[in-house]
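Below, subunit A partners subunit B and then partners subunit C, in two separate complexes.
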Partner chain A sequence: MSTAILDHVGFNLPKGYARRALPGFLTLIAMVLILLVCGTIQPRIWSQNGLTLIMSPIVALAIASMAQMVMMSIGDIDLGIGFFVGMITTIVATLLRETPMLGVLALAGSVLAYALLGALVQLRSVPSLIATLGASFVWLGLGLFVLPVPGGAAPDWLFKYAFWKPPLSIPAPVVTMVVATALTWFVTRRTGLGVKFRSLGSNPVALMRSGGSLVVTRMLAYGTVGILGVLSGITLTAEIGGGDVNAVPGYTLTTVAAVILGGGMFTGGRAVAWGTLAGAVTLGLLTVLLTLLNLSSNLQPAVQGFIVIAVLAGRLVVERMTR
Partner chain B sequence: MLTHTSATTPAIAAGREPLVQVRRAVKTYGPTKALSGVTLDVHAGEVFGVVGHNGAGKSTLMRVLSGLDAIDSGSVQIGGVSTPSERGFPGVRMAYQEGSLALELTVYENIYLSSKSWIPDRRWHGAASRRAMARLDEIFPDHVVGPADYVDDLTLADRQMVEISRATIADDLRLLILDEPTESLSGSAVDHLYDYVRKLRASGHAIILVSHRLREVLSVCDRVAVMKDGAVVSTHAAGSVTEQDLFLAMGGEVAIQKTGNGARPTATDSSRPVCVKVPMTTVDGAATQIVAHKGEVIGLAGIAGQGQEQVLDRLWRRNGDVQASAALAYVPGDRQRSGILPLWDVARNLTIAALPSLSKNGIRQTEKENALVAEWVERLKIRGGASAAITGLSGGNQQKVIVARAFASDADTILLDDPFRGVDVHTKAELYQLIKSEAQKGRTIIWYSSENSEMQHCDRAFVLRAGRVAGELHGRDISDERIISLSFAEAREAHA
Partner chain C sequence: MIKLRNHSIPPWTWSFLAAVIVLVLTYMVSGRGGSQTITLAFTVAPYLVLVGLGQMLVMSAGPGNIDVSVAKVFSLGGLVAIAVGDVTGSWVLGLGASVGVGLAMASISVVSILYVRIPPIVATLATSLIASAISLTLAKGFQGSADPVLKSFLSWAPFGIPAFAIVVLLFTILVSLILKKTTWGSQMLAFGQARRAAEYAGVNAKETIVIVYLTSGVLAALAGALRASFSAPNVELGNDYLLDSIAVVVIGGTLMSGGRAVPAGVWGGALFFILLDGLLNLIGWSYAGQNVLKGFLVLAVLFLASGAPILSRRVSQPTTDAGNDEDEAEPEIKSLS
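Presenting the complex of A and B:
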């Protein structure tokens, strides 16, 4: 993990690196702590099956958080990701199972729709909040059209994935999450495309003066968000075994929280894939912990929200100290 | 002494085609004519200085040369190309004063973004880092910037070094434009930069240096063009002119004996109560203060961005060290960004600052509001009337509404932040009249303007330079010439 470099802190750490990596690192510590508390209460989670059980509901959230992270790195926010992932599950559980060709086309069309949404935001200077909120109702409508009531079934290859047991007793969800995060990290931090994404979020003027196209860059970023959204929908279908457009409307705001926990910013420019993974897993494990503590499920969202606010406040203090 | 050279100086090899040829270039932004027919030549292998006061058209000319803006008429030709592509003219690079680095990216990522064409696509991380470091080491040998440093966490001086290096990393570089490059650099870095500029010149590059540090311009440039009111008024061989000559050409006045006279007591107004007191330092380092009495119009003048807005900001935020009267009102200069409420009509835009005094127990009193709006619409002749949509008004009328908003409140001190930029002459005259009559009624006005001629309407004007008071002018002493002279105070001291 990129934050692990913090362990051998030297004075030759690049300026500003610690300030950017610290929030994700703190979230990682919180994640480990929660995992340890869960393991103390219920020792049976320390096994391949146990970890798979508590981690598999988090996979789709983690990948959706990657989508939100890309969105926030260009300075936008996606208020439609929850319904988009829901809509993808309906496509995967029906079209992709029955007529794979049509299903693949529908998924590609969804990604294209996202790219066009990006063009709309850039060309008509519609705030991304409005554009994606509007789009969320389109996703909901399309999802209901494809599958009016929850149902359908995941394609057989997805079922196989759901029961996949990797060697060395590594839990399958961990493999999926780490691979998705590594890919997102590579694209946003190591490629020229990622540099363009982040410069669009940090200073569009710099991108423009360097001869880059704002429209093309934003469309590519939204397309990337669409691809990650589709991946999230596919893993969610594997998890719930069918399609339901209303499966995870809460993702919309939970993913934002995950990115913020990971060190992202609303103002754009920061791409923190590993931090976001830590954020998403922390939020997911929080639900497990609260269940293990026998807390009423009605209270869980409130407690979750409280913890997120506390972490953000703590981060603000830490940031001020390291600056 | 003045050499008005229409042709090239002998030092520049005659017969060679100039690299840059600008002929009668005109550029207008709305009502303002930024360039009114610029003609100039820049040759390969020379350093060409451009000087001038606020609004002389330097920035616009540089935007045109770098291909960011197209001219309305005339012609611009650089290296035989007369229409820039999307990336500007080929071989032309500009180091901006600010705003062209992405703060959340690292140094090498910024270099990659800007110089993609000269960095391999595969394994670009190392290549971009090496090029960034090589150029930084070459220009600024004692810099402390690392390739993976985030620009946001660098000091202003370090950022400027990165920006200059960024501009020079281009394999096809022919013309380098430096816009106020030394504003935030320290002494040794300035020397290093100019050493590098001379090196570039020796290798046949052309360099355009825009700066208001006349001493630097004269020491490094071969020729200097003086701009005024959107045109090049004269071009001089740097070796044959002095700073005084450049002052004269810019419209400045040489014969000022006193420097740092900011602490001179005001005899005329000291009887009236003091409304505003801002502690400052003079350019000589002595302590002084900007004092405004009740009913005075105080000007803040000088080159744009020399700390005038910070004075207003300190007053508005009521920093601990300032003394300000009870109620302040602020008129912003950038009306689109911080002035108008675009969805509201003229009346609501006008009354927003006065609402607290117009309402009774927190309930709005519509008749009182309407009366106030009617009074101001009538007084300033705001076209369209009270119920017009604010965005439907012309810029001048929008500005009238914003000025009226401040004066319609019960504030006794009004802060004006260069509010009349881009406003037509007629509206300006009306607003000057308003300022005068309101001052007579006992209001205090602190007025920053980048247009020197506006300062004539002030009782006293403070000329600022680098956040310090370069001088204080009284009444009839306030003139274009004297403001320009004081603006360049540092340069003048060298000859005193």
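Presenting the complex of A and C:
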């Protein structure tokens, strides 16, 4: 039915495409609507500075959501990403600033730790949910070791990035988010590695029969999640100007919501980088909108919860109509 | 050897073994035995057990089912119980109110899961956001303290055995019996093992989902109310209970993929976690070190106790072992999300 409608309009898309892209497209519409409402209430956001201001807190969330998207594309869920990103900020704000060599080693070690976690999940058939949950205690503890109280300072080059103004009055956060998303999209959708990730999520037996190694693939996927987590932590350090392991524990679940809004599935096999970006920006912009509406900050979580339900309900209705 | 492994030890063994090891270590470190450590553990553990039992029921209802709203519902239950108890002067009404709040919050999850078809983790996340907003609003200028009668009951420990722990223990046995002996229990577990097969066999999917999530919500809110009466209500009272409840349930031997519920294991897991906190406090580890060790222990228990055998039988069954598992589980998950 949906393809019939599209044919009528004149498009001729691959069969699965509409089903895959529709949820992300609907989320994109929600995102644009929220942005328009924000712009109507406060026209000053339509400038490079204004957009930078409202978008910069979302960058780290968007990249962390990419990490969660990669995780969900192989059929796993990461319940430790919030504390992992927090831990990275503490490393960036101390080690990387004072002794860059050691800092880089620490960051590489974190990525390696993620890959090892992937090996544990695969070799011992441990549910990813609980393995990453256990790891989240470790991230929290390590972060507290590095910085018992929030503090430290971002390295100078990060400060430069924070005040960077790209030409053509494009807001810097948008550039960062789009580049990160494009890279993730390329790796997950246009490389052999991405095909392996997705087949690990949708049909591991097929992956094995085609000569791929389940353990190596899962380790590579977890390593990718680790790299994206590190990038998210670096951008977050630029945003908050220091390190704090408890900065964003909420990311853990918000990123899952972002991926779902973007059209991802818990069963794996689906990598939706651009949809996830739309999902993350929608969730991030909600906070801006609620602040602009002068809503008590206590009520903000409730409105966020209702809007997540509303968007997904809207998707259900649209899917029923197009079927 | 293989035969022994197949008949195998009960799934809750590992959690109790871990708890006993920690207990022995505690005795060795403190240099004296005595029931005080155990009494303390049994005073604190029941709250985690109550939340854990709810989480266990939810997880047993099949892959993808999880309740991430327990932490916020816990805090909200505490605040509501104390507030209502303070206004009406009756702690019974306070507890009743917390049960009501738990039901209301869980209903949001249930409606989202069944009618909006949102995956449970996102649905309960939305519920958790709503509960947290209500808690924050309630907590503004909150005053009120727990009823002294209830408070003294919760810390009452005749002969070193906390009375409240006995109550929760009886409740655990009740849950265990319901799962083993009643039709509903078998239906729920069958539903968790193979959703579609169970539905063809006449199991009511909606009813199962409704009951497990409502139970989880009520237990979380009630545990929160009791915990708040034991110490003091607080918006952040429940925060630790989300990760801990999931961890103790899985350490206790309940399968995350559903279909096997181990109520006894929840006790083992909870005692393990609480004794471990006590031990680490005793030897003066910082909060940071405690978390690192806790994390590594969870991973270690997973490594030892998880599904795949360590001395693998894969030699006889070539590598398709792991793949087949996931393959079989796949259609079930698909129908859920």
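Operating definition for what follows: the second predicted complex is superposed on the first by the 308 of 323 C-alpha atoms of A that agree within 3 Å, B and C clash if a C-alpha of one lies under 4 Å from a C-alpha of the other, contacts with A are read in each partner's own complex, and residues count from 1 in each chain.
As a convention for this text, a residue touches a chain if its C-beta (ideal position, glycine included) is under 8 Å from a C-beta of that chain, and two chains touch if they have at least 3 such contacts.
The model shown is predicted, which means the values in this text are computed figures rather than measured ones.
K.L.:
Looking at the overlay, what does A:N298 touch: subunit B (first), subunit C (second), both, or neither?
P.N.:
second
K.L.:
Is the number of subunit A residues in contact higher for subunit B or for subunit C?
P.N.:
Tallying touched residues of subunit A, the top partner is C.
K.L.:
Determine, under the contact definition given at the top, whether A:P43 touches first (subunit B), second (subunit C), both, or neither.
P.N.:
Touch partners of A:P43: none, neither subunit B nor subunit C.
K.L.:
After superposition on the shared chain, which partner residues are touched by A:G151: those of subunit B (first), subunit C (second), both, or neither?
P.N.:
neither
K.L.:
Considering only touches as defined above, state whether A:G109 meets subunit B (first), subunit C (second), both or neither.
P.N.:
Touch partners of A:G109: none, neither subunit B nor subunit C.
K.L.:
Now for A:P127: first (subunit B), second (subunit C), both, or neither, which partner does it touch?
P.N.:
second
K.L.:
Which partner chains sit in contact with A:R20 here, subunit B, subunit C, both or neither? Use first/second/both/neither.
P.N.:
After superposition on chain A, A:R20 lies in contact with subunit B alone.
K.L.:
Give one of first, second, both or neither to describe whether A:V205 is in contact with subunit B, with subunit C, with both, or with none.
P.N.:
In the superposition, A:V205 contacts both subunit B and subunit C.
K.L.:
If we overlay the two complexes on their shared chain A, which of subunit B and subunit C does A:P166 touch? Say first, second, both or neither.
P.N.:
neither
K.L.:
Residue by residue on subunit A, keep only those touching subunit B in one complex and subunit C in the other, then list them.
P.N.:
Residues common to the subunit A contacts of subunit C and of subunit B are 202-203, 205, listed in rising order.
K.L.:
Where on subunit C is subunit A touching in the complex?
P.N.:
Per the touch definition, subunit C meets subunit A at residues 64, 66, 68, 112, 116-119, 121-123, 125-130, 132-134, 136-137, 140, 243, 246-247, 250, 256-257, 286-296, 298-299, 302-303, 306-308, 319-320, 322-327, 330, 333-334, 336-337.
K.L.:
For the complex, which residues does subunit B have touching subunit A?
P.N.:
68, 86-87, 96, 99-106, 109-110, 112-114, 116, 121, 124-125, 146-150, 152-154
K.L.:
Touching residues of subunit A toward subunit C in the complex: what are they?
P.N.:
75, 77, 79, 120, 122-127, 129-131, 133-145, 148, 202-205, 208, 214, 253, 256-257, 260, 265-267, 296, 298-306, 308-309, 312-313, 316
K.L.:
Residue numbers of subunit A touching subunit B in their complex, please.
P.N.:
Residue positions touching the partner: 12, 14-17, 19-20, 190, 192, 195-196, 198-199, 201-203, 205-207, 209-212, 268-270.
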